[in-house]
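Next up: the structures, one after another.
In what comes next, chain A is part of two complexes: it sits with chain B in the first one and with chain C in the second one.
Right, the complex of A and B next:
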């Protein structure tokens, strides 16, 4: 009995240590943003929100968020659309090339992202395509669409096709079946897929580095400003950016709740 | 269309993969066979870039990336195994909260988290050094700008990618199997080796593969935390592309990374059925 208590205690310490290690750097970013000196001298002599005021007044903050948002929203739309269609082939229909399709689809996930970015950059340069936020969308999509397809497929595997047949037997049209039977059943999968796509695109660095050209998304700006030209503005914008993505996720969750709570039981 | 709807539904993704995944890799492969410093596609192909890749010192960055990826995979596996066991064994509200807390940082950009790690480790006025100095009057040095720091960053970033597939793997071990093995007199080590690891193998394999492959291309860790202590292969490729304007050489190095990846991914994926893990 005593030994049991000891192991539980040990386990709690282990988990506590892991969580502390995971969150210390994140807390450090917040702490760093509260300084007003160019070089960090922690603990700060003066604790201030100056950096946030500066970030709010700086137009760069807006530009960075707009570019990140443009990319993320495009990726969400693309990946939910393609992912839904792809999940039909992945999970719903049994066809001759399916197992090969399933294997090929996960290759971009098991591929070093910066290398994919570099390969796309070289191809674009060879073809004379100037990188911009649009090419970054393509790069993100190559990696995120397969993930979203898998997320939607999880839901699709649990979906009973007989419901559709029943609706057809009752005289529903193709469109009616899609709108009233298929989509509501798959909706949670689509929603999780959209959430994943948004967050993965918003926080992506390794693909954006090589494919976004002169349009700098948030993570890329933070990356380059960390290396050179550091000031407390950098952690402040990092905190703001993370906050904004958190707010967007909360808003999405709120919309889902408002729209679907009554019927979801 | 009714006859084989699966293929039709697969078409958009197949097209995307061909245009934006396969085609770029083919173009890179082509460039890697062209004479050094050529820009337009030519048919004058040869293996000279690969020869110079090894004679001109690019073996080192590639080796660092492989060693870093292997070490990160090993350390994250050792950290994730007990964590996964604990979370699975104590499944419930606390475990779900802890799992969510571990997953959350994935969605904070790695540039933010690595930056946080660097201000934490900074010497003098860093969060750790500054706190120790102010509270305990202890001065410490730093591991920042060393290979170790880059490795710590890789472990930090990739731990969740190891943990979550491993959790799925651990969930595939039936509890009664472990008890049966214990009843038959197996000790802890025997249970781990003969029962737990083989049954959890699909999860371990996916986690290990994902971690290794992601680390193979990782360069933000080395750039932010490693200083000039280590040049990883991605940094070497980027340098060839951008500053040296030697696309064929950069392409040859890219192909080498892709070959290492393929040599691991293809055999591993043949052995695991991801669809079956997902369907659970």
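Right, the complex of A and C next:
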């Protein structure tokens, strides 16, 4: 019993250490946002919410979030759509060249993102396309679609296709099979894919730097303002951005709970 | 009865995949209410055949009629048949009740009526009613079998197909389910068409058995006929371990070639002998000396692996016999002509 008590104590210390390591930087950002100094310095002489007031009053705050959101939502839609089709080719059907496809698909993930971003910028200017948030969507998709394809493939591999035949055999039309069997079975994979796509796009810097043009997404603004023109506004907007993305993820989880098992309809 | 149209009638049914012919020109009438089993090794085309019958694949040639009505071109979702799949193919994201009600839901049956019927089917397949709201993922192997069966019955099919549903089940549970399936067949009175690679399984349940090889039926008959009068070595050896002795002409006499034993009154080219036909008491008509290579206790019987002449044989004697025989001994074994099944190919 005593030995067990000791292990419990050790476990608590271990978990506590890890959580501290994970959350200390985040906490310090929150603390930094409550200062009024031009430098990150602890402890503060004055604690103030001025930075948040400034952020709320500044139209930039909204613009940054809207641009990031536009990009992220477009990337989610695009990558879930392409990822599902890709996952079918990846995991469901056996065809000539499948193993080659499986390897080629992974390649963009390993490509260093800054180089990928530059390459995409060069390609786009060669094609005469002006960079904007739309080109950033394409750039994000190049990197995120393969990841989402893999995420959905995992679900696809564990899915017994005979379920569709069984449904068809039991009188379902092709459309009913898709709605009643295929989609619900793949739904957790699609959801995880969407979540990945959103978070990866929302926080992406190296691809946006090159490809977003005049439209500035949140991470890009945070990066440039930290480097050149720091003020507590930077951590304040970072905190706000974290809350916004957190709320979106929570909303997605809520949607999943509402739609998914065990809703006996 | 004899004049009622066949439940299912196959005429020259053929399925080709590229150059291979999986199902080769099969014609047969399956009777109303019959438990008909198709037995064959893997690659014999039995699964391809049942997919044609269920409407999951279209035949390359031939016709299929259900109670006199041509259904060759009818897809699976509009055929009054249902299949229990090898993987069971239960809808994992649904409850037991939702699985069973699926076909009724597709037909637009009202929820209350669906539920009542589902509970009825749960009783029929011997599952407690409180399984109704459970996720199928929480069911054990045997329970999943029952759910799959109830789901197929939920479409109220004229014919039920089974594609090796018991192949992944452990021995004891399989034996129980075989008997239950047979009882269910008797209670529902529906036509069952069952696919398996185990003749033993087929024997227990079937009214008639078809032995399939290379896309064709080798022999069709009652379990008794298949067991007593196999048409050839393939069918005979399907029953499990059997001894096959070749008969040859040597110097004007007929002999069991491998045993160098005279074989008067040979009625075929090959003598099929079940292991239990060999006795270690040397009282039979044909006696031979054999070297005991292996001795295995099987519970109610003892099995000997023998080498005699150039032949390798298996003998099974009732427990209590041959107790003094040991591995390495040479002993006298025998068999009677009445126990021989003669085949020509």
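Note that the second predicted complex is superposed on the first by the 237 of 265 C-alpha atoms of A that agree within 3 Å, B and C clash if a C-alpha of one lies under 4 Å from a C-alpha of the other, contacts with A are read in each partner's own complex, and residues count from 1 in each chain.
Here is the rule we use: contacts are C-beta pairs under 8 Å (C-beta built on N, C-alpha and C of every residue); 3 or more make two chains touch, one makes a residue touch a chain.
Just so you know, these numbers come straight off a predicted model, no measurement behind them.
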Partners on chain A (chain B, chain C) - clash or fit: fit
Partner chain(s) touched by A:167 [first = chain B, second = chain C, both, neither]: second
Chain B versus chain C as contact partner of A:131, first or second or both or neither: neither
Chain B versus chain C as contact partner of A:24, first or second or both or neither: first
Chain B versus chain C as contact partner of A:232, first or second or both or neither: neither
Chain B versus chain C as contact partner of A:193, first or second or both or neither: neither
Touch count on chain A, higher of chain B and chain C: B
Minimum C-alpha separation between chain B and chain C after superposing on chain A, in Å: 11
Shared chain A contacts, counted only where both chain B and chain C touch the same residue: none
Contact set on chain B toward chain A in their complex: 4-10, 12-14, 16-17, 20-21, 23-25, 27-28, 31, 39, 41, 79, 82-83, 86-87, 90, 98, 101-102, 105-120, 122, 124-127, 129-131, 134, 156, 159, 209-210, 213-214, 216-220, 223-224, 234, 237-238, 241, 247, 250-251, 254, 257-258, 261, 265, 269, 274-275, 278-279
Parts of chain A lying in touch with chain C, wherever the complex brings them together: 160, 162-163, 165-173, 176, 180-181, 184-185, 187, 261-262, 264
Touching residues (chain side chain C, partner chain A) in the complex: 54-56, 75-78, 81-83, 85-87, 89-95, 97-98, 102-103, 105-107, 133, 135, 151-152, 154-155
In the complex, chain A residues that touch chain B: 11, 14-15, 18-19, 21-29, 31-32, 39-43, 82, 85-86, 88-99, 101-116, 118-123, 125-126, 138-139, 141-142, 145-146, 149-150, 153-154, 157, 199-200, 202-206, 210, 218-220, 222-223, 226-227, 234-235, 238, 241-242, 245
